[in-house]
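If you scroll down you'll find the structure; I have some questions about it.
Chain naming follows the written order as A, B, C and D, and within any one chain the residues start at number 1.
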Amino acid sequence: MKIHEYQARQIFRDYGIPVPDGVLCYTVYEVEKAAREMDRMVVVKAQVLAGGRGKAGGVKLARTVEDAVAAGKQILGMDIKGLTVEKVLVTDAVDIEKEFYVGLINDRNTKSITLMVSAEGGVEIEEVAKNNPEKIIKYSINPLTGLLDYQARNVAMELFGNIKLAQKAASIFIKLYKLYIETDATLAEINPLVLTPENEILAIDGKMNFDDNALFRQPKILAMREPDAEELQEIAANEKGLAYIKLDGNIGCMVNGAGLAMATMDMIKLYGGSPANFLDIGGSSNPQKVIDAMNILLSDKNVKAVMINIFGGITRCDDVAKGLIKALEIIMTDIPIVVRLSGTNAEEGLALLKETGLPTVSSMSEAAQKAIELSKR
Amino acid sequence: MKIHEYQARQIFRDYGIPVPDGVLCYTVYEVEKAAREMDRMVVVKAQVLAGGRGKAGGVKLARTVEDAVAAGKQILGMDIKGLTVEKVLVTDAVDIEKEFYVGLINDRNTKSITLMVSAEGGVEIEEVAKNNPEKIIKYSINPLTGLLDYQARNVAMELFGNIKLAQKAASIFIKLYKLYIETDATLAEINPLVLTPENEILAIDGKMNFDDNALFRQPKILAMREPDAEELQEIAANEKGLAYIKLDGNIGCMVNGAGLAMATMDMIKLYGGSPANFLDIGGSSNPQKVIDAMNILLSDKNVKAVMINIFGGITRCDDVAKGLIKALEIIMTDIPIVVRLSGTNAEEGLALLKETGLPTVSSMSEAAQKAIELSKR
Amino acid sequence: MSILVNKDTKLVVQGITGRDGKFHASKMKEYGTNIVAGVSPGKEGETLDGIPVFNSVAHAVKATGANTSIIFVPAAFAADAILEASDAGIALVIAISEGVPIQDMIRITPILKLNGTLLIGPNCPGLITPGEALVGILPAMIFKEGNIGFISRSGTLTYEVVNLLTQNDFGQTTCVGIGGDPVAGLYFIDLLEMFENDPETKAVVLIGEIGGDAEEQAAQYIAEKMTKPVVAFIAGQTAPPGKRMGHAGAIISSGSGTAEEKIAAFNKAGVPVAKEPGEIPELLRRRLAEQSK
Amino acid sequence: MSILVNKDTKLVVQGITGRDGKFHASKMKEYGTNIVAGVSPGKEGETLDGIPVFNSVAHAVKATGANTSIIFVPAAFAADAILEASDAGIALVIAISEGVPIQDMIRITPILKLNGTLLIGPNCPGLITPGEALVGILPAMIFKEGNIGFISRSGTLTYEVVNLLTQNDFGQTTCVGIGGDPVAGLYFIDLLEMFENDPETKAVVLIGEIGGDAEEQAAQYIAEKMTKPVVAFIAGQTAPPGKRMGHAGAIISSGSGTAEEKIAAFNKAGVPVAKEPGEIPELLRRRLAEQSK
């Protein structure tokens, strides 16, 4: 789960990380009021769950209230990577001496949390990682001790080379680690962390992602969720026990198991088609789940054909077939469907389906080819 | 540092451990008001920093408001182990099915925190440890993991033999561990933890001690400190860089180093005397410290003679002697003083003191014998 | 021979009285797995399908000498259950539970290492040594004794491929589903090493997917250390970046973890990568033929 | 021979620019201890009394090969400094700092064990191998080379007794002040074992005090494992229960940790306990004479 910059900044603030003042605004009027009250140079920043807001024109410096109003007018309602900007953050424009990057991330290889810092702040860290990997300092944190004072200080010394600044920065690293642990984050970035001419260190922009599997114990984080339309669909699917992700193609897929679902999408592509979605119905043969899955699938108007790919394991194919038959009785659609059943009791399942007149096949590749053919009619 | 029962109960409550309602009362009028508002059977409990309050008559069950008033009258102002009862806790009298003991303590041997539980609750655990040690279950907690759910549950199962109750108790153990860690406790006891006829589990009485060395990072705990007169003296001495504990004898001691100070007290006893105090002036030869120490020492009217025992290490004895001379010029006392100086520059120090006419010796045993002799004049 | 589980496996089932635990305990027992105990706090003394139930893993180990555990408890309690097994001296833990918080896994990993416990999963289908022991939720009938080692990050895709292998007469020494989570127990390299050292195993099939760089590491390991042929398949070539494809681990972040990178790494290591699952048996046949030349 | 520190000790002083660190670094250097580095964050590149200063222990170890560390940082930062030394590969850490929170010590103890680091202290005067290395705040002039091992929980009482030993011509192999805190690093048993294995050491003097049961454990260890004579003294026989006698560890709680119990344990183990420090040399002489019969 992702949150907005303004929400990340609030979490930072709750943990004592210094963040410049800011006001969240939904209207140009609110922007004007905020800029007037702040009575100094401000930055107006689009709050959308997408990277590259600056490049897209979603971040503007405003020297006067009039500038701020103009920026608000421009940014509110604009489209950034397909997302409409519904709110902006009006925040103090801080004098910047130097920009740094600080991030925490789960590292699969070391099976630990890694602290990453760089003197190349303010740009996307992925760019730095690609072009100047030597400019990123990575420190793997021992889960048994957490980020220790001396470690944070030593890393900060590498970055600042000055003990007073290093101690300020180290304190921020430790607070960031604490909030990372306590919120079950999977990513926490301060970018940029800035040094001001007055030798203050401030978090100017923040990005946080959280572990969906841990949201059950993170009510405060869950309350921050602001899903867009696409995510709402995914969440709704999740609540029905389905994993659904919309894609751009025209062949709808319904598969049991995530790996097989990905392999199914790949197969469609391999044979020249284009998958309309990822959809994993999991291990159940419950007809209701099949109905829900079909409804979600078919709500995508691009879908021209459906490929159902089931490998029966513990789940028996004849049970799945019965579920499918019931589901299709209820749903009634003109979209052509091809069903592939394999594994436990596949023959019985295929026999049941034959009676319904649905095209059935017994291999994935056949199913993919058939679905592509049907989608072109 | 110790706190009162009512304070421990408040900490328990803050961490979600179920505790019956209670009101702290300083006057009989407050007791009456509390009992009337509670409108049920209550217990009136003396709040003093001493064990064995029940035996001393400091805990009384009151069936009616009149009973509560009578109990309040009896208990407020009473003396328990030399402490005057200045306040009482008026608390719900809970129906008790069974009483248990739960405690956490730092264990020197395993260098970890140990969870101790017993079905023999409501009595002093030291008694159980002495008479029925097999009735105490001890569980050493791995500092790397903290008290894990399964561990708390398994210990609770031993105690309750019933999974529903065990889960309630385990949740209390885990909360107790959390508060123990977060408050830098050195002891946290719930005694008794009671099971009610309604299968509720409640903490009826609590006792907590804290690590004095950690109070610098425990402002909330420090704010709970309610020292008695004797402790105030110890705290005042501490603030001057001295460690002072009043004892019952008549020979005042001033020593550098805790081990040597204890050995000095022992030596006085060995030769038939009785030490009036433990007093460690630490490693400094600062005259002000010597003055402060003498002032504290002589404020005890039982003191009939003073033994000063200094072993010069890094600290030079001649420096200490100079400090002493200055101190004695200011203090002016009739109490006889014997000084033993040994170690670095002892001879120079002794020479300086000779001029003052103070009796000086070079061994501990001589000093003790001389002090005892002087105390008997 | 085989790796990890065999006739000597003495299995304890944690969460045996739950719906999944009960069902799969029966299936495993039916297959011939030596299930010696179940754990369900508060139910000590009961039996389930003839299996004695204990309050704790420690009790189960003491009474039965269990050396392997399989975990079916809900995700929120899985890390605790894994530690319970590990602290009780269990040498191999298989965690089936899906949806375990990542930081729980990070937290327990060093403790498992200290205790010397091997973990498979979480969010995995378990493993099987055909003809000896099934420790997981894999559908037994698709497996067959033989000399192919099998490692996969996914569930039903495993079944799909194993089924193809069995149909093409490639039986298996041991098939391991390592699970789709980003922070998990045994990983490709660990298992490749075990298969390399298993005299019975002649070749290995590895099913990877997008996300992380375990496949790249596996490729490097194969190039440097392995003498036995390996054939691979990577799922998720069409998955868009930044989206989590069912598995928490199957997410491409910022240009790393893509199928292309993984396939390139395997090709560089001389490991043929199948374009689709159906190709795997043929690739395997070819590599084995090359090897025997 | 000796234990723990000697001519090969390469010492780094953590907190070298503080008042105590600076003073004692000079004293130790003056004694001949091989101080190779100091640590004080932000002062890398400076020197102090000819000793190069580094920002971190890791830098110091890398540049100088330091193998032992002594810590003078304030109590609130001591545990962190100990871990820094341990993580940097220092094999022996001596923590002088007084007033370290007990839970800090509990927290770091297992990490030190994992790293294989030995700790002495906190709240200790350090140790000395006369004629070779002084690592601590002990007053050098009272010590003398010889063959008595010395272990004590206290500071000035150590000086008192060592002074008596030296005056009576009992020189010392190594004298260790283990500190007065309830949770500390090396304890009596660990050091008794080292002295037992040190060919140079002929007998051991042990100075205990009230609180805990380290003395009782030491008595048992001596009875079961030691061949060399041990003489003991216990401070705090007149201390009242429940009061903390300067040392956090010197507190008698609920009828355990009393001097009587400790003395009884030593007597049972055949270890003579001096009534007062002055008796120790005579007891030592007698035990050594018995031994040589």
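Observations
Throughout what follows, a residue touches a chain if its C-beta (ideal position, glycine included) is under 8 Å from a C-beta of that chain, and two chains touch if they have at least 3 such contacts.
Since this is a predicted model, take the numbers as computed values, not measurements.
Just to note, of B-C and A-C, the chains joined by more C-beta pairs in contact are A-C. We define each chain's centre as the mean of its Cα atoms; on that basis chain C and chain D are separated by 51 Å. As a whole-number value, the distance joining the C-alpha centres of chain A and chain B reads 54 Å. One finds 27 Å separating the Cα centroids of chain A and chain C. The residues of chain C that reach two or more other chains are 110-111, 114, listed in rising order. Within chain A, contacts with two or more other chains are made by residues 144. Viewed as a contact network, the protein chains form a single closed ring in which every chain touches exactly two others.
Of all possible chain pairs, those that touch are A-C, A-D, B-C, B-D. Chain D meets chain A in the complex at residues 41-43, 55-58, 77, 80-81, 83-84, 110-111, 114. Those residues of chain B that touch chain C in the shared complex are 144-145, 148-151, 153-154, 157, 162-164, 166. Within the complex, the chain B residues that touch chain D are 106, 108-109, 111-113, 126, 129-130, 142-144, 181, 184, 186, 211-214, 216-217, 243, 245, 247, 255-263, 265-270, 275, 278, 280, 311-314, 342-344, 363-365.
Interface residues of chain D facing chain B in the complex, by the touch rule stated above, are 24, 27, 75-76, 99-107, 109-111, 137-139, 141-142, 152-160, 163, 180, 182-183, 207, 209-210, 212-214, 217, 233, 235-240, 243-250, 254-255, 259, 275-278.
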